[in-house]
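Heads up, there are several structures right after this.
You will see two complexes here that share subunit A, one where it goes with subunit B and one where it goes with subunit C.
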Partner chain A sequence: MRKLASAIASMLPVVVLLFFTTASPCYAQIDHHLTPVNTSAEAKIDGLTGHASGEQQGGLMLYRRFCVGCHGPAGDGTGENALWIDPKPRDFTLAVFKCRSTPTGTLPTDDDLYKSVTRGFDTTNMPAWRPLTDQQRANLVAAVKSFSPRWLNEKAGTPITIPAETPINIESVLRGRALFQKMECWKCHGPAGHGDGPSASTLTDSKDNPIRPYNFSTGTRFKCGETNHDLYQIFMTGLDGTPMPSFADSLKPEDAWDLVHFLRTLQPLNTQEASLWKAYAAAHKSEIKPIGPDAGSGGSK
Partner chain B sequence: MKTRFFLMLAAVVLVSSAMVVAAKPPAGNGTITGKVTYTGTPPKMKPIDMSKEPSCAKQHATPVTTENVVTGPGNALEYVVVYISAGDSGASAPASGVRYDQKGCQYLPHVLPMQVGQQLQIFNDDQTSHNIHPLAKVNQEWNKSQPAGSPPIDTKYEKPEFIAVKCNIHPWMHGYFAVLNTSHYAVSANDGSFKITDVPAGKYTITAWQEQYSPQTQEVTLGAGETKSINFSFKALPY
Partner chain C sequence: MATQSPKSLNVRRWSLLNSVLMFACLTVAIILGDTPAAYTLPIHKVTAIPAFARKYGLPCSACHTAWPKLNNFGMTFRDNGYQLMNDRDSPIYQNPSYFPITMRITPNWHLEHNTNQPVDATPGNPATTGSSGVTTHGFDLSGIDLWTAGTLYNNISFSLLPSSDENASFHFENAFVRFDNLKGSSWFNFKFGKFELNNLISEKRFLFLSANGGSYQSYHFVPPGDTNDFGMGDNQIGVELMGHSKNDYTRYSVSVLSPNDGNVDFLSAFGTPSGRTYDTYLTFDQAFEVGSLGIQRIGAYAYIGERPTYYQTSGGTDLYGIGNKPFYRVGFTGDLYFGKLNIMPFYMHGHDNVFLGNGVASNLPSALPSGAQSPTWNAGFVEFGYYQTPQLVIIGRYEAIRMQQQANPANPSNYGNIDAYAVGFRWYPIMFSRAGLALHTEYAITKNIGIAPLSGTGGPPASGSFTDAVWSSSFMVGFDFDF
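Then we have the complex of A and B:
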């Protein structure tokens, strides 16, 4: 009996050692083996050709280095950091993207994806990837395209036509204000654009995660760019995968520009639109009808 | 009173279905008919508070309820899509389209079956904006705004899929597109009955799909001109 006990005791260090040698590498055992569905994916951006796979600059190698932590080995947005991130990393297997120049329900162009990678997404965990070279970013776009079979069978949509911007004047701002009421933008974005409309608290994205409408009063860059042109594109293409619909079927181009000009007045920025509105509001205080459920036809019209 | 109403309803259904049969007599083709029921306790449908949208709220004398599990008399289950899932030779999309309405901040019908490639027209009959957001996974997802008085949205789906439809502005609005690879389908009525007509003789797999419960299948062998009756029963849970 004693012999057995001493035998066990003498074996103890070995057992402990074995435990550590077998168990310790576990923390480094996260599987980063990528599983793309289409390693021959290509991206063509402004004279650059990106490749998902390749020797030196392969997009998937860069993906494994820079993207896998959040977007995951399968590109489905379930990387090891995803749990702690809100909004969640994009799921590339669905090939549904917010920032597009193409109509709602279509694939974005390579250029759209390139711009997203370059720009990053303000107010999210997605940084701008400008430190990488143009070629590297082009390769990453090809890597993004390697995770969904959609890219094998479908072509990118045709970018929407954006006519030249109409003149910025107070009439345009006021027409835009009436549209903000009529199109019921305030239902989500709130009467003053604070992102606090009556439906705001109920919004979820297409994966049932809660999502907030943009709060104009923060003045932060829009996720899909910062120019008037970008703003026009945002509501005329919609942000697919989110509650933000496309208004392409319900707004004429000149109306869309009016709305752009009004939306600028909601931001605490020194824009031409904002100063026009400030001057008008000071002079016509009593005439301005509130936006929201009690506005009737809304705006100044 | 209630029974009289249902008798009348049954009579109307019988007469109208008889008319359909009389209108197109498919020589040698059969019919699959039956009833969808449930066992157990189905969840209680909750009344919807539309006070945030007065233009819709005033269209309903009594509040409408959620529609994930709609039951009828005699344990009947409504809005179940019964269709041929295997054995059908496949069909090209018919020339006529299907219509989907947004009325009183509800989707009518709650479940809309259609064929792959068939024209789908979506109407906004309300005095408010809606955004139509079919959460397609196999087909491409899209999301379009449709303010009051807009023309209908004209679209179609290229792959078979059951697609949940929602309106983000009115979060209670909830419906389904059933995009099918077959022209032989039916949606169960409030009495649970369904009728798939004009089915050629053959061996088929019939699937019954309900939005909350797992789909069920049955094998059916149909002779020429034969009418077969099959029933589906879903196990309902109270949540």
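Then we have the complex of A and C:
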């Protein structure tokens, strides 16, 4: 008995030491208590066969594993890494999303969120979560929807209609170039699309965080996709929460397609538009006016 | 056989009681340390940042089911050349103070016990050799890994891992450069240097650490008396062409490797000159989704190689290996998920040439024992991990090796057979994007017939009998941290 007491006594310092060494960092763990405001969120993803519904509880478990570090336990974009991240993580409590198929100001569809989770966001810390299963990503959409009361009171907007793409030819590219000048896209995106226009350094998002315009010369993908269809949708829905507005009321569909075709020439990709522009520029070098403040608002060729 | 006095038995009982008390105290301390009261204590956030977590701001659990084991997202990240493919992978986007290095070590307390060991009945007098179990225990350190890896530029990645044993004797566990996404395709990635084989079940990333549980017997087994130094769990030197689908569901690799088990200076694992041949390793695995159960992955592999059986000499000094004879390892493997339960089955069929199996130079066939034949065996294991939360995992494994054909038919049929069991749990009080700490507790026991256990903590049976088994067990509790 004496030996037992002696052994316990000898272990006491170890116990005390371990108590403090293991106790103090406990706060800095991922065992966060998530605080969803919507306890019955679900997600219906078109195109998922057999398991079309995203389930909130499963989604919150995944959220805790994959997302909480940036987006935070309350989904408000204040995770432990938010301080170091630029651009800042999305604040799900506001339910304001850049990538939507729905008109500006409306909630995105579940499919929009699902595509964002799957695709990630180029040139940000948000990776593509394609390695997760379809069901897991659907569950994550339900988890994202659980952080804002907007989902309790509002329905998602109706997706915009995207008309058939107009033919890709040099005339369309040139019309798009003129629109780029006329609509003053260059003021943010820069004359060459490098994201270095005169207004670029002054831009902030809806939470007053500095934000940079898209640089067409480095990114091979857009924030919300990579196809002409995706780019058209960005014009017409805008990127809510950013200075990029919706042009649904100011651009006709055929104009929007022209702009799409021109913007493709700014990317470091071997697209049909880029080939057409390269050939035209080589043959008409002296006729091409520069884009920018000196070109006037009447467009440039 | 040495007899034991009641006093020595009392000492042993007391030693066992002391060990149990030690474990109990450690466990109580950990439990106490997690009480709500602990949250009121001063908070000292760890300021160090593990390399990739710091770069990308993702928690450990994003890439690891429980570190260091990778989940499918982590596998994709690794197979992309440590890139998220978000146009921010090149180091030119990083703060210049960023340095991609991490270190890992495990201070621990462990107990090792081996049965049927030769022991001097009178300490210091080797003439009184008897047989007994041998138990040792105490506080100890693991070796340390100092791992740096990342990208040199977009689609050019690297890894360098100086690793030491517990006495700080260093070697290069891996060192390679990798050219990723050649021709813009994830199907073509080229690696050059020393690297882990593209094993679906990685021995470098599994959750077992003890002397007996900390390695797969199947990955390192060669039959008794065999002169082949190959171990599938050992990193190898050579080149690898590897490819994968965008979501990593489909993966393949083709490797061409030096025949020296990853050692340098053209030396084998035994320190003898290596041959001048090349080995080939082929792998393929495919993942598929099964509803809410998760991602299931199955794969197959084949390693084909040669090893020398004697040497070209100069003045009697060995220059390089010749008389090369073939061997192969083939099998299949899986990584299956049933919700929180992960099950990993593994099967291998091994075959060594008759000269390798009998340790005989191929230019001296007459030295082969009568009826000599190529040794063959079947090996496999089933490992499970139950992930209660991302911070608590319960682990276990059963492994078996069965000789199918002895190199020397005079040997008993079970000569070399192994059974191994391991159970444990890992609890991660810290698992976030700056550092990781795990309380690791594990018990592992291995039954070896006729040979020394892989743990290296016990020898062949004291009786010298082919058929006597040595039971070698380990109990370990320690803090595994990654910084």
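We take it that the second predicted complex is superposed on the first by the 254 of 301 C-alpha atoms of A that agree within 3 Å, B and C clash if a C-alpha of one lies under 4 Å from a C-alpha of the other, contacts with A are read in each partner's own complex, and residues count from 1 in each chain.
Going forward, contacts are C-beta pairs under 8 Å (C-beta built on N, C-alpha and C of every residue); 3 or more make two chains touch, one makes a residue touch a chain.
If you're wondering where the values come from, they're calculated on a predicted model, not measured in any experiment.
Colleague: In the overlay, answer first, second, both or neither for which of subunit B and subunit C A:D122 touches.
Modeller: Second partner only.
Colleague: On the A-aligned overlay, A:E184 touches which partner chain: subunit B = first, subunit C = second, or both, or neither?
Modeller: Touch status of A:E184: first partner only.
Colleague: Subunit A residues in contact: does subunit B have more, or subunit C?
Modeller: Of the two chains, more subunit A residues are contacted by C.
Colleague: Considering only touches as defined above, state whether A:G105 meets subunit B (first), subunit C (second), both or neither.
Modeller: In the superposed model, A:G105 contacts subunit B only, not subunit C.
Colleague: Give one of first, second, both or neither to describe whether A:P198 is in contact with subunit B, with subunit C, with both, or with none.
Modeller: first
Colleague: Looking at A:D249 after the superposition, I want to know if it touches subunit B, subunit C, both of them or none. Which is it: first, second, both, neither?
Modeller: So A:D249 only meets subunit B here.
Colleague: Using the touch definition from the top, list the residues of subunit B that touch subunit A in their complex.
Modeller: 52, 54, 128-129, 131-133, 135, 137, 140-147, 150-151, 153, 168-171
Colleague: Quick check: in the complex, which residue numbers of subunit A touch subunit C?
Modeller: That would be residues 3-4, 7-8, 11, 14-15, 17-31, 50-51, 58, 64-66, 68-70, 80-81, 84-85, 120-136, 218-221 of subunit A.
Colleague: Quick check on the complex: what are the subunit C residues that touch subunit A?
Modeller: 14, 17-18, 21-22, 25-26, 28-30, 32-35, 37-39, 41-46, 56-62, 71-73, 75-76, 84-88, 246-248, 289, 291-292, 294-295, 389-391, 428-434, 437, 439
Colleague: Quick check: in the complex, which residue numbers of subunit A touch subunit B?
Modeller: 94, 96, 104-107, 150, 154, 182-184, 187-188, 198-199, 202-203, 206, 238-250, 293
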